Structure formats: structure tokens, C-alpha cells
Amino acid sequence: MEGWLAPTELAGGFLQFLILGLVIGSLYALIALGYTMVYGIIELINFAHGDLFMLGAFFALGLAIWPMGVTTAEAPLPALVATVALMLLLTPLFCAIVNVSVDRVVYRPLRNSPKLTVIVSAIGVSFIFMNIGLLWRGATPVKFPDLISDANLLEGTGLRFTWKDLMVVAVTVPTMIALTLFVRYTRLGKAMRATAQNPVAAQLMGINVNRVIAVTFAIGGALAGVASVIYGLYIKAVDYQMGFQNGLYAFTAAVLGGVGNIPGAVLGGLTIGVVGELAKAYLGAKWSEAVIFGILIVVLLFRPTGLLGARTREKV
Amino acid sequence: MTAAVPSAASAELSPGVPQPATGDATSPATASPLLLVEDLEAGYGPINVLHRLSLTVYPGEIVAIIGANGAGKTTTLLAISGIVPARAGRIVFQGRDLTAEGIPPHEIVRLGLAHAPEGRKIFPRLTVRENLDMGAFTRNDPDGIAADLEKVFTLFPILRQRQQQPGGLLSGGEQQMLAIARALMARPKLLLLDEPSLGLAPQIVVHIFQVIRELNRQGVSVLLVEQNARMALKNAHRGYVLETGRITLSGTGQQLLHDPRVRAAYLGE
Amino acid sequence: MKRLLQHWVVVLFVLLAVYPLLPVAEATRGEQFTHLFIYAILAQGLNIVLGLTGLLHLGIAAFFAIGAYTVGILTVSHFPFQQSFAVAAVAAVVMAALAGVLTTAPILRLRGDYLALVTLGLGLIVLYAIRNLDPITDGTKGLGPIDAGPLPGFSGRNLESWRLKSDWGRNWYNYPYFYYLSLTALGAVMLLVRNLEHSRLGRAWVALREDELAATCMGLNPARLKLAAIAVGGGVAGLAGALYAMALRHTGNPQAYDFTLSMLMICCVILGGMGNRNGVLLGTFLLIGFDRILTSILDNEIQAWVGSAAPYLKLSGYRLLIFGLVLILMMRFRPEGLLPARRIQRELHPEYDEAVGRAAAQAELAETAATAAESPAPLPLHASNAPASDTQHSFR
């Protein structure tokens, strides 16, 4: 019963929770983008996305330990930088390859099947990923190397913003900006949006729809890979069920923002991060999950297609 | 499925007039066909929509397919574009057998065959300009694209003004113009137009057909399907009448326009 | 063919009914079967919502939980109610049905995928509430012990005189008495579903699943039909929950009501054949039977044979992998399930019409045409209520 309505110890901590919420939220946003892009293009709730994120974290964990044996922030700086860079390079690649392969093997043969068929397949993929995670690292949480300092960058202001927080922001924000620019201005990005809006017409324009979908899966997977590295470094523990919980938050973020909508996913991620942190602070940690889903339901009641979702679909 | 054709008229029409004899009379005998469709069968699920359908388009022609709702006009175009797979027969475009080679739809566009689909199917959340860029997706010559953009803006000045608007906010006529303009951006040799007059005000229909003729003068061959038979036949060199998936009549635009069966069934006389 | 299948289910029920009397029967195995029956009831509840009506509900476990906790609250000794199981079970069904209506009514206007997600969220909220509302639910410990009599004024203890075999229990909630109760409940639910399928309501549900727009144009009220489906389906799930709590004599670990259970039930329905009650029964017996019974038997065999208990040698370590593969392979090669509802079979394999199934299909077509409008669009399983997206189908 502690925590239930107990006022937070940090008087005026609101700003602090806001900061923390935005940091966590940008992480959710990164995962949410993978959901939203795939949904946008083939209308699939990709239940396996969260578990891909989990596999990414396991892969990154291997990278931290294996090539350099770097496991703490006290390691020499060049080794630290190299390790993190390696993780940020190879993990997204790994996740992208896995995601594209799954699309090729599982989803592509179902391209003209009813939606439910594809969703159920995605649930199947999610189960398989989870089992692989379980066999890979066992059922108990594994410590992730603590490579980034916890030193406070806002020392003396009464607020806390650590190197870790900075890392999250420094990776997620440029990634999201790059993605937005890619989708908005490049040929392939426009082809993606065109395919999402009307796959048949896109084919008539000479767009290879299967290739565009594969690229979407690659990008979504890579984003999950980036997010998994950041998550591992930030939370410092990973386990085979982390994909479910975080995937659910991220998917909630995507839906909250209006699934299929890229700025919406970012907005939704940030909203969920902030709401979750505030609920933790003011209602107690155990209610934060319920509050997040409560908010989702309330938002959908008033805006059935999410915060930034298209009001009506331009179909028929 | 079947037509709004008066039953007496359709009974009169259906015994299948032997077609190509009249049809090829005006076509340039020397040229080989740009598009040759032979004995095409296509459909959805268990239903065959097209039955041994054959037609040709010669370079420089405007060819119209007229027919009632559900006759298979749209399916014909979709099959030529590769969207609906052909179950039998062959489709030869510029000497390449699209069916035998199994060329996918996005490759067919590269061969010079562009399709402005029924109901426009523009990309509603892309701007007009982005829609046009998508039309030029297969091309890699920025100068040529810029020149063609200028050309379509000359044909459809309204699109120039609307460049930055999302396609979904255009009026029906503007969307049709955009759909045609978008198809033109592929610099096609053959343009497939599906019901370009559908749901548009009469003066806009007149404008669209003026543009089609202008395009044809510039060297684009056109295969269009229409329910507005009068407008289509007036503007076409040749025409085909499609009934429940079969070609039942063919001839020059003028021949068909004056054919009593066509007049009764499609021109309301 | 249909007669044969009917036959098959009846034979199965008879076999299960005589099982406790056979010399090979064991109490432990019998209790495992009891759980199988309970999950089969739960799957039938989901079948009504998902299979018949086409609502992709991802939170069926919530109704199971509500049923279980209603029984818990109404029977455990530290609450003042102390009702018999019969009363508590009726309350459980009512509560679960009510919860279904109350949670679904506000979200009916959501499109398919959003609806699915919100049902998932509702399932989780129920789970969190169970975990967090300690004064009512005892949090993660769960409510227990449940020691209710079967009927008001009847404790059901000391059934000594009914015992035929030494390993039979002496209380009504022991094997084989509870086994028979659960089997009877399963049979009753199967009959209910059968009758529903042939009722006006059932046909209206199917019409709604096929094409909501057309069904609405025929004068059906989709909102009320969906609420009816969720009420009946939720109630059936609540009954399963009530039996579950009684079988365990405890509401157990709240983890048992999580998303995985909902997913597992969806797998059962899909594996067996959406909308076909016999198929769903088969699917549940195969999947849950494999998971709960066969796996442990095989694990023991493997261990005895290899002589090692290494985790990677245990089949149970691969259960999710196996479920996942089954789902993917089913969706790829037999999306209509093992025993498909004929209607869905036709939709997923249009060529079926041209071959053997034409006569049967047309018979059913005529039957349904009486109540529902037929739609030619071959995209009926769309969880979405929105018009079919611009695939080739709607292009025509």
C-alpha cells in the first residue's frame, strides 16, 4: 500500500520526472517507430517487434563482452568508445537482417492473405524469438555492462541529468531526425509513403513494393537495434521477457500517436514516457502500467485514430 | 455483374461478330503493334472475368474499350499492367511477351507502359508535386524529368498552382488530371486510362479528352476504357465493345459510333 | 463428413466419461484432464467472440480472471460471503459477462486493430488490478484456500461411499467428481455454442463477421450484436475461470491470467478452426494437452533415455518455439485451421468451390442468405471493420 497516493519525497520534483519521462519516452519512441512504419505499410501489428528488440539487446551484450571484454565504465576511454560504437553499428545491422529475413520467409508469402492470418504469424514469430532469447541467455535477467558514467551533468541545480540520459537523447534524437528526413525527402522514402497509401498504385508507378516493404522492415529492425543498445546501457539489465513489456509500451505509443504516423509515434513515445514517470512518482510504480493503458483507452475514446492519426482514411 | 444493357440489344449483340476484319482496316498496316493481347484470360478467385480477349494497339493510336459496368474493362487494363495475373493467353508489348517472361508490374512501367487507374488512386497524403515525382519513379534523368514536369504543368496549369497541396484535397477533376499527369511522368509510349471521365462535370470531361488528343498528337498511344461511350468513340481511332469479358464488336471510332447495335446499347438511342 | 466429425466428438466425450472407470486411469492424469476441459471452455468463449463474430479480442484472459476471482472472493474464509460454488459460479458468469459489456461498450466504434489493442490493454489492466489491489485480491499471492460446498447447504465432503478406486478423492472438488463436473460443463458449453450457431443471433454474428457494412444495411445492429457476443463469450470464459479457481482451490498466481494465456487461447482457436466448435475443441486438446501433459511425459522419457536433465534437452524449454512454428506453418499452409468452418474454408481457398465443396457450400450459402447479405469480397477475416484496403480485391 505504500506508494498509493503518497506524495513524492522530491518536493518540486515535477521537472525532474518530466526530464526522466522524456528520456525514457524517446527510447519508447525509437521502438514505436518500428511498429508504426511496418503498420503503415502493410497494416500488420508486428507482435514480434518487441522481441526483436530483446534479441538485439542480447546481441549487443555479446558484443560488449566478446571483442574487448569491456564491462565497466572504468575501462580505458578508447575501448569504451569503440565498444559502444561497435554495438551501435552491428546491433542495428543484426536486427535489420533478422527483421528482413522474417518478412521474406514468413510475411511475404501471406501478402494477399487476410489480416488476421498475418497477425497470428507475427504472434508465432514473437513466440519463437522469445524462446530463442530464453535458450540464449536463460530465464533470469542478465547484467548488461555499465559503460556510461552516472555523473550528473546538472550538478548544483537540484536536477539530475546524467551522461546516460545524455546518451539516450544524443542517439535517439538524431536518429529520429534522420528518419524523418529520409522518409520525407528521399526517393525511397517517398516510395515508402506512396506504398503505404496505395500499394497497387505504387506498383503502377514502377515501385517494387516488396522491396519497399523489405526496406521498411530493415529500417524498423535497425531502429529496434539502436533502441536495444541504448536500453541495455541505460537500464543495465536485460532478460528474455523485456521485449514483451517494452514492445507493448512502444506499440501503445505508436497507437496513441496514430499508428502509421511517424511524428505520432515520437509524440506517443514521449507521452508514455512522461505519463509513466509521473504516475510512478505520484501514484507508485505499480500503478504506472495501468495508468499508461488507461490513458491509451481514454485517448482512443476521444480520438479513435490516435493523437495525430488521419481523421478519416482516404480510401473507398 | 452484368450490364445495364437492354436485354434485347445484348441478345442482338452477343452472337459475336467476327472482329478483326473491320478493326484493322484503318490501322497502319506497315507498323507492328505496340500492344498485342491474345486470348487473354484473367479473373479473381474462382471467377474468370476475361474470356479469350484479344486486342491490339498500334503506335500512334487512341483505342477505346467501351462496355457496361462489370464487363471486365478495368480487369483488362489491370491484367495488361500485370496487377491481375493472366491465366492464359499472352500480352506482348513492344515485342516483349510480358506474360511469358513473367515481368512484374513495376518492371512493366519501365518498358514504357503507364496506367492511370480507375478512381484516380492518387496518393492522398503526398503533395501534388510528390505524386508527380512518384510518376517518374522509374526514371533517372533529372533534366528530362524537369522538362516533363514543365510539360504536364502546361497541359494542366491548375496542378502547378496546387503543387504543394496534398493530393487528397484536390477536387475530382483535379485528381483525374493529376492521375494522368502522374502517368505521363513515366514518359510512356502507351498510356492506359481507366474511366478518365468517371464522376466528372461535362466541361471537365471535354477538357480531359482535349488533353488526351493533344498527348496523342505528341506521340503517346492511348488505350482507354470508358463507360461514356460517345465521348470515347468520338475521340478514338478505333474501339472495342466488351461484354461480360468478351470482345463482341470492334471497328473504327466512327464505325462504332454509327453502328446501330452500339447506338442502341451504349448511346441510348 | 459432417456426421463423421459429429461422431468423433461424441466418441471423445464418451471415452472421457468412462476414463475414470478404466483400470489405467490415474488421479494425477485425471486432474490434468480437468484442466484441459476448463481451457477448452475458455477457448469456446473466445470462439464465440473471435470465431463467430470476428472480433479480435486479445484479452480473453481478463474474463477468465474475473470468473476466478469472483469465485475466490465469494468463497474464501476471510471474506464475509462464504457462498457455495454454484452461487459463486453463477456470479462469476454474470460478472464476467457484465465486465465484457462494460469494457466493450465504450470502444465499439474503434477500428479493428485499435479495438484489438484496447482489448489487450483491458486484459492487462485487469491483471494489474489483481496484482495491486491487495486488500481484495491478496496481490501476487492470490486468494485461497477455496473450500466451498457445491450447492448451498451441502458441503460435498466425505464422498467415501462413492469411491470405486483407491486414488479417488473424498471431496466433491477432488478427482473424479470435479472431473465430471468440468466435463459436463464443457459439454453444456459445446451444446450452447451449437445452438447459438443455428440461432438468429449466431447467424447475425456470422453476417457481421463477413461484412459489417452489408450486415448493417440488412438492418442488423452491429453494436448490440458485438455486445451480445462479448457478453456470451465473456460469460463462458468466466465460467471457465470459476472452475479453474475451484479446481486449484485457489486463484493461484496472477501470472496465470496474463497476455500469454490470451495468446495461447487464440492459438487454440486458430489451430482448430475459427468458428468451428469441434475444431476449437480439438485445437485446445492438442495444444494445451501437448503443453500441459505430453511435454512432461516426453521430458521424463527423454531424461530417462539420455540420463541428463540439461535444460536444452527438455521439450518444455522449446514450448514457445513449437507454438510459434505451429502458428506460422498453420497460417502458411492451412490458415482455416484443422477443422475449418466450411464458410471460412471457402473464403480462404476459393478454388474449393469449384471442386468437391460446391454442393455443401451452396447449401450453406442458401441457409445464410436467409439472414445475411452475401458479400463477394474475398477478404472476410479482416479484423478491421474498415472497408477493405486498396489491395487488388477492392480495386475491381
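The first chain written gets the first letter, and so on, giving A, B and C; residue counts start at 1 in each chain.
In this text, a contact is a pair of C-beta atoms (placed from the backbone, for glycine too) under 8 Å apart; a residue touches a chain by one contact, two chains touch by 3 or more.
Worth saying up front: this structure is predicted, and the values here are computed from it rather than measured.
J.: I need the chain pair with the most C-beta contacts, please.
T.: Summing C-beta contacts for every pairing gives the maximum at A-C.
J.: Report the chain whose mean Cα position is at the greatest distance from that of chain B.
T.: Computed centres place C farthest from chain B.
J.: Compute the distance, rounded to whole Å, between the mean C-alpha positions of chain A and chain C.
T.: 32
J.: How big is the gap, in whole Å, between where the Cα atoms of chain B centre and where those of chain C centre?
T.: The computed centroid separation for chain B versus chain C comes out at 52 Å.
J.: Based only on mean CA positions, could you tell me how far chain A sits from chain B in angstrom?
T.: Once rounded, the distance between the two centres reads 45 Å.
J.: Specify, in ascending order, the residues of chain A that touch 2 or more different other chains.
T.: In chain A, 198, 200-201 touch at least two other chains.
J.: Among the residues of chain B, pick out those that touch two or more other chains and give their numbers.
T.: Expected reply: 83, 117, 121.
J.: Quick one: which residues in chain C touch 2 or more of the other chains?
T.: As it turns out, chain C has residues touching two or more other chains at 390, 392, 395.
J.: Which of the residues in chain B come into contact with chain A in the complex?
T.: Contact set of chain B toward chain A: 81-83, 104-107, 109-110, 114-115, 117, 121-126, 130, 133-135, 137-138, 168, 182-183, 186.
J.: Applying the document's contact rule, which stretches of chain A touch chain C when the two form their complex?
T.: Going by the criterion above, the answer is residues 1, 39, 43, 45, 106, 109-110, 112-121, 123-132, 134-135, 138, 198-201, 244, 248, 251-252, 255, 259, 286-287, 289-290, 293-294, 296-297, 300-301, 304-306, 313, 315-316.
J.: Within the complex, which stretch of chain C touches chain A?
T.: Contact set of chain C toward chain A: 56, 106-107, 109-114, 116-118, 120-122, 124-125, 128-129, 131-132, 134, 259, 263, 266-267, 270, 311-312, 317-321, 323-328, 330-332, 335, 347-348, 379-384, 386-387, 389-392, 394-395.
J.: For chain A, which residues are in contact with chain B within the complex?
T.: Against chain B, chain A makes touches at 187, 190-191, 193-194, 197-198, 200-209, 310, 314.
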